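A, B, C, D, E, F and G label the chains in the order they appear, each numbered from 1.
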């Protein structure tokens, strides 16, 4: 570590401990490969692949160490002072690790998938460079220890995803990129206003249990409500809360791995994660409740859930249908957060992981259809299950999970959300969940029906990868969805076991609701 | 005032009178050539008179000669510039004023 | 003139030295810079106006000056009279005269001199042809020009053409 | 130098300045550029006289140097005028 | 060991003169060597200031009020560092640029040296008349650089620039005259304690004239009319120098006068007016940038907009001594620094594109992303600073300004800054998106030397990383 | 009123003239004249104001000497630019013709 | 009597300046401006500032006039390019364009109102101004003994505020750089056209130039020498030198051109280099430009000599680079 990184003690000596370096190493394990990849010539495929995968594996390794450490009571904090009173803080707490783990695991598989997906296409150095930067930003968002650090990486995420969205360079892609930027940068600006305002009031906004804002007296209630509105509006853009969701369906022009990453891990999830952080650790859930901020949030989330599902019903384009589904599903997280009470929290936070696994499965599969057979539309999917059984099987698991069929991941989320709603005294949320589930079924089941039970009526739009030795598509494309589909199944089945996402979520909830024991 | 002072004053006054004449000529004369006559002759004589007038007031020989030097330089400049301006005016076709034909015209058109 | 123009060098040097003396007001401490300046001026002068061998004659110069002074007083008085008279009484016209001076500085000095003499203004000088603007065509200008020409020729030690 | 002469010098300076101001009329009046320039030339000679008078009216002998520079450079304006500025119709070459 | 203070002025003059004597187009290597040394000197001076605080240097040993004083404090040390740090990579860039593109190369080095000398002298001056001379030196050098390529556009632009800068320095000079008339001295250190709120009218007029003149030179809206053609029309190394440094020099002087000299006269209304003009500059400049079809014009208008941020500090810094005021000044200086680095990088990148592509229509940049990735990346990184996104210096600047606005309850400026950031994003991405298009048929990309791409990249990187080292910069700023 | 103050007042007026001329007139040559008039005005204020009490003050005089040299420098540069601009205009006219 | 003189002079100054800026004819404007310059020299003479009067006489009357008149030959006539600070819609030359559009009209009105307000405010401010607290002339007088020269203005210019002068010499040199860059950047134009009529009339100015140039050298030397104890100095001397060069060029005896050879370039940079070298060398003993008292006079003389040469060359260069290099 160079001079200036790390904490200067009184004598100006720089001391960096292992516990401080680990968060940095997690960041560096994708940042450095990203930067190296940028400078690699286009044709150095092998070297690039090696960098990518080494980075991904290293990151998983570092995270594993931290997971182990956190379980054993270690704390991982790194601080770097940018300005007096303004620090970059990386902290590996339970919530952070939940998200970091999710993104690292999914990054690994998405990388594999992307290597297969982009085989032979141009500008791969650029693509993987930004891809790595994007993950770096996500990790930064996850491990941010204060609102400032969160904001820094939140904006970095915007910038590093833009080149991925416009990667194809078509006018449609550029248009979509423009819309994407317009939304996210405006959101970022609104968020910044909220952040600066809050810093002005507090002098620092470290993420803390019970919320830092709760230290302010009642005379600040009005200002704090305004700030809350700004923060949620800024985060809501990425989290695709209605009516700030307009960019997401447009961004579907991006290559499938990008969509997968955007929806499951990076952009959307960063917004949702931010909402979690703001409600729990900036305001504190009790304080937020006392400012009566939670009910409106729940209402917005519910509206988004219903609206997204409704819109999804009418999309023929598979990826667009999935996109609207994302809008709907991600709001479960916000909903869970808005439900006052530990059980709702559990539902929301566990959905952070579950939705990621399920949705990435679905996008991998959608990418497979498009890449292998040129299928982009639901109406072209008749009989595809028999041409691509493995892919369709994975898709089926993901879809059923989304609907909430037990014992899949989605069921766990919905169950706790329902319980949480009752606990919070908002029974109307149950109705929302019910309607949403019905709608989920209404837009997923027809797909499954077409894939499995309808015969192929027309030739595939463009069969790019022929059937070879019984392999329906390239193995790099097939492996990732199968793994994530299996995960969907496993996290549901073994939800009660230690180290499962639900278990971690309980850890988080226990931090927020101090006198609650799961 | 001493006699020398009187002499000085007279020269100065005469010089001023020439300057006045030059100016009046500049204002009254009908064309550029005649005005040049007025300037080149009256003013230089005026300057000469003033220089002579001031010679009587000079502190030293060198100072006096410097005044004369100034006059000589002015003379040279004046003579040269008069020529150049008149020449150029002629080249540009400006005809001299004639008593029987007042007004400006080009000499190559008449 | 292949011979090193020692005489010209001396006279011009003396002239510049005198001029310096005038400029510096006779101060003795000025001669350090003064000598350098005089030398430079002398060099410039030799480069710009290479001496032609024949020095101006002192007598010619004196006569010329006397003539010039007298005539310019006359010229000034004449013009002043014309300017200040209540009614303008001008009879201008243009006159061309073939000069008898040889080509060179002499002609220019003459043309310039005429500008300061009564009633004449040089308008053009091409070769030997001198074009004059005269203030009063009724006066014998041509004769006066000849007189002036003679004075200039004598001062420069030149011979007039026939 | 007596007081009276100094006063006379001053008076004449004012007189010459008035002369100059009068001559400005010719600058605006023209009609040809040459006529306008004449006024500027007048400023050369009259200005020199003025400076000499000012110098002897208590302005300090340095003003004689100013007059000297004036006279030395007086020709430049007229020369630049007739050789550079007033030459838009060079083509009207006369025989 | 050389005393850095006088040598920062003498050295560029030396190499400028020697470059001139060596002949047209020569002297690049000399300049780079000189700038290296200057950078070291500026660093040494900064260290001195950080260690020992403010320093006054009496030229000729006379001292004010008879002689001229030079003075260096944190602010000037920071600006000096910026100037050398920007100029050095640009000099390397310019050598490569003019090797490929000879137009305007004839007297670039001497002019650039004089420009640097003027700037350093300006940052060090503590005498209002001496400042006038440095301003003129700076202005003429800048105009000469703009005009040096001799094309129709640049010459017209240079003429307009010259008139503007002359009007500006004329007003400034009259202000100096009034100050001298009022107090009998032109030394800042002598004048400062004499000025009070009860100053005679002439002093108020002097303040107004000097500030107005400098605003004209800084191209603050609505005095920005001269800037876009001049900065957009000049050769890229020149545009970079001008946009990055020259406007900052006059801004520095405004700040210096406002804080050190005219503080007792400064009224809230005047400060608000400056802020409003700044806000108008941000919005108008950004909108105009967005409307441009030529790359360099876009970048030039972006300068108009970015200058606006600098002036937001005045309404925020009225309550001197408060936290809000301190962070406003810090924010303003950070903005000057980060914009300097970023804009130099951006113009340099634009120049590289033009050299390679032979044109600068924004609509026809297709393929730049694949053929000149590093240059595009440079442009984008610089853009990040302009947008004020983290972790760039631009972000730190905006953060400081915003928190100052929040502290002093002046919400309006926050809205302006947010809007400005979004508009900046709009025009930066307007360029970037075109670069992602495929190569246009019939387009030839000339290969460009690395020395053209890397200096620009380093500048952009510096502007980005400046945000992370802001603490040290502000520490130095506070040292004097 | 001392001569110094009188000339300073004249300088103020000249400065205002110059400013108006610089803004209002569009021909470059005219702007150059205006700028020079403006500069002369400022010089007069500087020197005139400095010697309100009637004694010569060498400091502003030296400053004005500096200023005059700067003025001529700027004037020459401006003229060069104006002439170059005009040549471009003429070239354009030739091309258009 | 003095008051009458001053009032008359000021009236003439204001009138000529005002007319120079308002008269529709460019030539008239230039002549009026030249007149203005001469009047300014008189004003300086009246203000006890013979140094400035000398400079104004040499630069204002000689060089600026020549520069403007030379440029006039190239800048008159109709032109279609616009270059206004505010009023871009009016035509350049004869300036008799059609009625300006409303915004122009409005802005022009505004500018006039502002200028008048500025003038009035300045006048008021000047009249209200009390005497200054600090008297620099006293300080100058006290330090004269240590300055190395006997003339206060020179002491200020080369010693007390020598640093200003150093930068100002750089300004001058810089302007020449700019002019060379602009004038020399073009493709080699046609040779300067001297029409036959002009050639025929060159004899007369040639003689004058041949006689005056050595004299100018002498006067320049005198002014340089004089600077140490009376009005004069490097600027005035340099300006006189330059004026001589201009006269030679006008008479066709000195070619113009915008690409100086290296000897010339060395000469142009010489003064600045000498100044810089002295400034730097004395730092060994003290600070920048701190002359050892015993050496002050000699060092100032050295600097002034270098400056005279460089300033002369530079000022002349400003004219020569433009003259002749331009096409008709």
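To be clear about the criterion, a residue touches a chain if its C-beta (ideal position, glycine included) is under 8 Å from a C-beta of that chain, and two chains touch if they have at least 3 such contacts.
Worth saying up front: this structure is predicted, and the values here are computed from it rather than measured.
Visitor: Can you tell me the least number of steps between chain B and chain E, where a step is a move to a chain it touches?
Guide: 2
Visitor: Would you pick out the chains that touch chain E and also touch chain G?
Guide: In this structure, the chains that contact chain G and also chain E are F.
Visitor: State the chain with the largest centre-to-centre distance from chain A, centres being mean CA positions.
Guide: Relative to chain A, the chain whose C-alpha centre sits farthest away is C.
Visitor: Could you pull out the chain whose C-alpha mean position is farthest off from that of chain E?
Guide: So the chain farthest away from chain E turns out to be C.
Visitor: Could you tell me between which two chains the number of C-beta pairs in contact is largest?
Guide: F-G
Visitor: Looking at mean CA positions, which chain is nearest the middle of everything shown?
Guide: So the chain nearest the centre of the shown protein is E.
Visitor: Taking each chain's centre as the mean position of its Cα atoms, how many Å separate chain A from chain E?
Guide: From the centre of chain A to the centre of chain E is 42 Å.
Visitor: Measuring from the mean C-alpha position of chain B to the mean C-alpha position of chain C, what distance in angstrom results?
Guide: 16
Visitor: So what's the Cα centroid distance for chain A and chain D, whole Å?
Guide: Centre separation, chain A to chain D: 87 Å.
Visitor: With chain centres defined as C-alpha means, what is the inter-centre distance between chain F and chain G in Å?
Guide: Measuring from centre to centre gives 10 Å for this pair.
Visitor: Two or more other chains touching the same residue: where does that happen in chain G?
Guide: Each of 2, 30, 46, 48, 51, 63, 72, 81, 83, 85, 122, 126, 129, 136, 140, 160-161, 164, 168, 171, 174-175, 178, 182, 186, 197, 201, 204-205, 207-208, 211-212, 215, 219, 226 in chain G touches at least two other chains.
Visitor: Note the residues in chain C that touch 2 or more other chains, in rising order.
Guide: 19, 23-24, 111-112, 124-125
Visitor: Return the residues of chain F touching two or more other chains; collapse runs of consecutive numbers into ranges.
Guide: 8, 15, 18-19, 22-23, 28, 31, 43, 45, 49, 52, 59, 63, 66, 70, 73-74, 77, 81-82, 84-85, 88-89, 92
Visitor: Would you tell me which residues of chain G are touching chain E in their complex?
Guide: So the residues of chain G in touch with chain E come to 81, 83, 85, 121-122, 124-126, 128-130, 132-136, 139-140, 143, 159-164, 167-168, 170-171, 173-175, 177-178, 180-182, 184-186, 259, 262, 265-266, 268-269, 272-273, 276, 279-280, 283, 286-291.
Visitor: Under the definition above, what is the set of chain F residues touching chain E in their complex?
Guide: So the residues of chain F touching chain E come out as 8, 11, 15, 18-19, 22-23, 28, 31, 35, 38-39, 41-43, 45-46, 49-50, 52, 59-60, 63, 66-67, 70, 73-74, 77-78, 81-82, 84-85, 88-89, 91-92.
Visitor: Quick check on the complex: what are the chain B residues that touch chain C?
Guide: 17-18, 20-22, 24-25, 28-31, 33-34, 36-38, 40-42, 44-46, 48, 60-63, 65-66, 69, 75-76, 78-80, 82-83, 86-87, 89-91, 96-99
Visitor: In their complex, what parts of chain D are in touch with chain G?
Guide: Per the touch definition, chain D meets chain G at residues 7, 10-11, 13-14, 17-18, 20-21, 24, 27-28, 30, 33, 36-37, 39-40, 43-44, 47, 50-51, 54, 59-60, 62-63, 65-66, 68-70, 72-77, 79-88, 90-91, 93-94.
Visitor: Would you mind writing out the residues of chain B in touch with chain G in their complex?
Guide: Within the complex, chain B contacts chain G at residues 73, 76-77, 80, 83-84, 87-88, 91.
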